[in-house]
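Common to both upcoming complexes is chain A, partnered first by chain B, then by chain C.
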Partner chain A sequence: MAEPLKKEKTKVVDEGIDVGISRLTEEKIESVINTVLETETGARLKIYVETCIHCGLCSEACHYYLSHDKDPHYSPVGKIKQTIWEMIKKRGRVSPEFIRRAAIIAQTECNMCKRCAQYCPFGIDIAYMLSVVRRIIHKLGVTPLYIQDTAHSHSVTMNQMWVKGDEWPDTLQWQEEEAQAEIPDLRIPLEKEGADIMYSVIAPEPKFQAQLIYQAAVIMHVAGVNWTMPASVGWDNSDMAMFTGDNEVMGRLKRAHFETAARLKVKKIVMGECGHAFRSVYDMGNRWLGWSMPPFTIVHAIEFYYDLIKDGRIKIAKKYKTVIEMHPNREHNYCCCAGGGVINTGPPFKMTRILGNRVKAEQLFETKTKGAEVLVAPCHNCHSGLHDIVHHYEIGLDIKFFGDIIYEVMEKPE
Partner chain B sequence: MVDSRSWDWETGEKKIAAIVNVDEGEFNVCVNGQAWGETVFDKIWHLRFSPDGRLTALVSEMGEWTMAVDGEAWENKFGYIWEPCFSADGTVIAAAVQQDMQYAMVLDGKPWEQMFANMTYFALSPDGRHTAGAVQVEDVDSGEIHKFQEGTFTAAMDGKAWDTRFVNVWNLAISQDGRHLAAEVRLNLYDYTIAVDGVPWESRYTTVWEPLFNPVTGTVVAPVREKGMWVLAENGKTLWDRRFVQIWHQMFSPDGSRLAAIVAPSYGRWTVAVDGEPWSATFTKLVTEAVFSSDGQRIAALAKDDETFRVVVDGNPWSDAWDMAWKPIFSPDGRNVAAKVEKTGRYTYSVNNRVWSTSCDAAWDPVFSPDGTLLLLRTVEAGNYVRRIVPVSDIIG
Partner chain C sequence: MHSFYNFVSGPLAWIAFILFFGGSTYRIVRMLMLVNEKEKFIFTYMSWRYSLRSIFHWIIPFATVNWRRQPVLTVVTFAFHICLMATPIFLLSHVVLWDEAFSISWWTLPDAMADVMTVIVILGAVYFLVRRLTLPEVKFVTSGSDFVILAIVAAPFVTGFFAYHQWLSYPLIMCLHVLAGDIMLAAIPFTRLSHMLFSPFTRAYMGSEFGKVRHARDW
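What follows is the complex of A and B.
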């Protein structure tokens, strides 16, 4: 492994934060904080704040804390102490500089992975408290530039990559044509009313990774799935507005997604390999709109692939590789450090992510020493974040989606 | 609406069509087994009959796109064309088009004179004479967040943009007389309202949903969110006293005297509210496809609990639950309601809570005869397209 970088912090320049801070007054800060606390929070926040006994057991759960040699500033409780507790204690009377630090902590030093909630003896959802901070940061106009731009893209186009109305169906038709060179009767059925499944993806797929749509189409075709993709807005299931605290745009995105499924008369929505989008559709966005559960059954790609293989609808022609589990794993695994919108804060915070997840690099390196060659990451943000870690720490692992592997090993028509 | 009085209410052969691949990279449309015309296209998609029975599709030839109607392509060609829509009587076809990365609406083949850097939401007036879009009128590059927040979007009707600039513009509505345009607008990152002809309501909200013109009085009604709850507002003033967890898809009766909407009266419960009063029956998953009878006295909708749909009429859920159901259709006199329904891949019709005895491989929406006594049912059975005229009394007894 490469030597860890020096720990001295340099002041990050981010136009979203810097310009936002320059426009703040202490009166505005006080007003926004108290308005959010009084009108948008209630018993949940109060119980969390009053229940915490400051034991610090959450600390060991956080990859930032572990990666920074147990610096308490990076412990979950430490981040709460530096942000929402202080805002509550001072009744919103905090300085613009305090808000700058709060914005950086909430938006770039917490992935909202909620690993800490599992280690808290009271089950306090610390990430929820940091999401309240993000809401305040949004209301103050201090959100980092890159993710704010992504939220703007969502607001205009209903997708996160400024993909225009014509570019989306055009890309699907292009991928259909590409795939027909391999399987001549393959279709990517657009606007097929009454299909069983609407397949939705996140915008990086049409923008940068169109081959993933190709691969999904091959899997759907071979499995004989009655599926469709919409040609209108509502095709993108992603949601960076959820992570900037822009709940109103989050709700708008999810409404478009669900109403597109309703318009197409499908029975289920199958989502591509993405983690945060599932959270937005299954937990956050639907509930903001008033649904206790989503109006349509939501199936994540991994579950969908599992069902297809279990039911024999796709057959595996050759063994890929031997699975080597990393440790810790499953719900105790370390976050990729890209999730929660952190990678979407862009280049100014790239090193925050990489240095904040040295522990992941150590975990991956250990797994590699056991023989692992490929790292499977069923999420675009994980994929990109882990790529940065693998590259920076010189670990030497290929990173693949499940779809990449299934496409490679499945039986396909001759 | 289509005038079904002019239809042939005797059974007989009608048209059925499909896109066909005739050779490598060559496509045509097959209508009742015959090719659509001499021209073959590189690509064809979105094959649809217009409400007046013309057959339309989006077609590409030599890398350029346009609309073809009954086999004839429009003269004007574009870089891309999508989201076609028809006027209620089907005589007019509109779509969004892109040419040289500039965007506009096209109406019966004629694009707006003014094109825009981006266009995101589209509308066609009830009479089909006017089109509108949410358009970008100020240049802004990706990453220029503060410039974007000053307002780079507005709405345009027939290519003429409003002078006002907004952060965002969504969901446009054109008045019944085609003279006014309303839209959801975002004034800054936090304040939303409705703008009519470019003028925002004075009231500000935490967010809003789609505006709707009263077809008779011309007032504008929209769901608006205040203090975490939704209310219905008319011209910027609260209209319904009652607050809801959610309100959307508001609709006026044809005479404009009654107003209904899909609502969540409490968290996780959905129903229809009529003039502010929700039905007592509520549903957990979804309420959708609400519709007034033509006399405005009755309302039908679809409701979903767990994984199944029911037809609900005037608050009363029908007894049969389906894997899928389609928008209920009232007879012209409002006395009868019919809906296409599906269970385990078999399609049939439910009429006044009675199920038709035949199940089919596929089905289209039912159509009532002008006097409401007959139903036109179009199905696919054992691989054959079947067109039946069935007395309503045969189904409801």
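What follows is the complex of A and C.
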């Protein structure tokens, strides 16, 4: 296993990284690293670096490490050693080749899942340290091309997928019409001031998976929710800028999202099934804007569906399947390896995340042997990443969103 | 030899204690000042409940997933750290010194037990050394300083063990023992032995982030 992977490390060609590296000088590297360390980091980074006792106990937390036959290059602390420790120790005097490796490690070999913080006896936030590396990589202009493109799209269009201004309401209208074939009086209310809920999605929904908007509209309609969607920017809650270290763009995106909700005078924001967007809206983006907690009540789709079912606003017509838990599960589950922006680094790193998550394949296979047929993934990136894993390792599981299942089993008007 | 002993147990011991207490206070105050200066938000996220909940789980053997995954290490590390702290504080001959110098004294360990505890610390240090040399994931992130701090911690116990059993030249060993103790105390705030000072803070912060923001366990 180890040999082909080492080859892969040098063979990966990513235009964002390669062209970025070709423009670097040692002076620029030194100046960017030291500026970020001096002006943007403080006690956390300093104490984390000085407190780490180099015990390696974080290693087995990491799916990359476990999937690469315990190669220490992939352990959380091993990744820190190969990146930020060196940058600090050498006071920024590292080579462009070092930066190339650091960019690959920080952007494609860590999903920022923070499972390692649950294994470190001191609770050292290794993902935070790698996010500092990502910030440096961003400021050096060495971010992988595909994810940088999504960050550019965010910056230009305020959505992740270059969805144009007219394409957004067109898509909603199209899905409304599709859904009206099933429920004639269904509406997707646009710009409805004073609605209870603003429903926001990530840009891949209108771009590739418009049926998810259809399903959400059906659920909202049946539950009798007073909801709306914005007609202009602010509808996209996703945030790849958060994962490229482009905090300024992250702040613009979240501000647009919150301000749209404020403009529509809604009581809360309900968001579609997406993991990173929730992190951005609830944890990272709000902090950048100075809100310790989000200025709006943010409800993730899973929580929203749970409330609808609990309150009897949607009724389940038929039992779907029996739940079979995977192990480890809950907050100790393995990451899908798509998160943290890794899937967004695109085709050059597809095998990085598939080979980097062999343990997920083993875990899924074990669950399948217990009788599981469907894998529920309430997040787009998990969904796509798990699809690649299930396909590559030939596990044979259907992957579904909660919304898919609820749409299928709920009572709908005849 | 006698004047050297007086030096290491007199002025040098004073310096070591001042460096330990002063240095520890300085490091913690500096850390809090740095938080205040650059990452003030940390204070807003700290929660007593989630901090203590996290610390509590991690200071109990086998109370966390990772402690349970590493049973041998867990037993060794808890035994090592408990003996490391308790032995020097409750050793009869140390308390006698406090009594003679300042007329203060407290409960002491039976000598035979202190002897066993000393051996536990030494064996623990050997375990950590072997682990560092043999486990690839530990070896990969090991630097020279890791061996130095391990030696700094082991030295007072090795010399103390020799002194108690009066092996080799007792006066020389005693001098080395006191010197090693001075070095260890002074080194705590200024080396990565400072995990003794900082780990409650890092754990508390992570516990708060996981508990209050993520609504998840961090153990």
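Simple rule for what comes next: the second predicted complex is superposed on the first by the 404 of 414 C-alpha atoms of A that agree within 3 Å, B and C clash if a C-alpha of one lies under 4 Å from a C-alpha of the other, contacts with A are read in each partner's own complex, and residues count from 1 in each chain.
Rule of thumb we're sticking to: a contact is a pair of C-beta atoms (placed from the backbone, for glycine too) under 8 Å apart; a residue touches a chain by one contact, two chains touch by 3 or more.
Computed from a prediction, not measured in an experiment: that's the story for all the values here.
K.L.:
Answer with first, second, both or neither: which of chain B and chain C does A:N329 touch in the superposed model?
P.N.:
neither
K.L.:
Under the stated touch criterion, which partner chain does A:S292 make contact with: chain B (first), chain C (second), both, or neither?
P.N.:
A:S292 contacts both chain B and chain C.
K.L.:
Identify the partner contact of A:C52: answer first if only chain B is touched, second if only chain C is, both if each is, neither if none is.
P.N.:
After superposing on A, A:C52 lies in contact with chain C but is clear of chain B.
K.L.:
So, A:A231: does it touch chain B (first), chain C (second), both, or neither?
P.N.:
The answer is first: A:A231 touches chain B but not chain C.
K.L.:
Go through the superposed model and pick first if A:S95 touches only chain B, second if only chain C, both, or neither.
P.N.:
A:S95: touches no partner chain.
K.L.:
Once chain A of both complexes is superposed, is A:D149 in touch with chain B (first), chain C (second), both, or neither?
P.N.:
A:D149 contacts chain B only, not chain C.
K.L.:
Is there a shared patch on chain A that both chain B and chain C touch, and which residues make it up?
P.N.:
Shared contact residues on chain A (touching chain B in one complex, chain C in the other): 292.
K.L.:
Quick one: which bits of chain A touch chain B in the complex? Just the residue numbers, please.
P.N.:
15-16, 19, 39-40, 138-139, 141, 145-146, 148-149, 152-153, 155-157, 162, 164-166, 169-170, 173, 190-191, 194, 231-233, 246, 248, 251-252, 255, 262, 265, 267, 289-293, 295-297
K.L.:
Can you name the residues of chain B that touch chain A in the complex?
P.N.:
It is residues 43, 45-46, 79-83, 96, 98, 103, 118-120, 136, 142-143, 145-146, 148-149, 153, 167-168, 170, 186, 189-190, 192, 206-207, 225, 227-228, 245-246, 248, 264, 267-268, 270, 284-286, 288, 304, 307, 323-324, 326, 342 of chain B that touch chain A.
K.L.:
Can you name the residues of chain A that touch chain C in the complex?
P.N.:
41-44, 46-48, 50-57, 59-61, 65, 70, 72-73, 75, 77-78, 80-81, 117-119, 121-125, 282-283, 287, 292, 331-332
K.L.:
Could you list, by residue number, the parts of chain C that touch chain A in their complex?
P.N.:
Contacts found on chain C: 31-32, 34-35, 37-39, 41-42, 44-45, 54, 58, 64-66, 69-70, 73, 132, 135-143, 146, 192, 194-195, 198-199, 201-207, 209-210, 213-214, 216-219.
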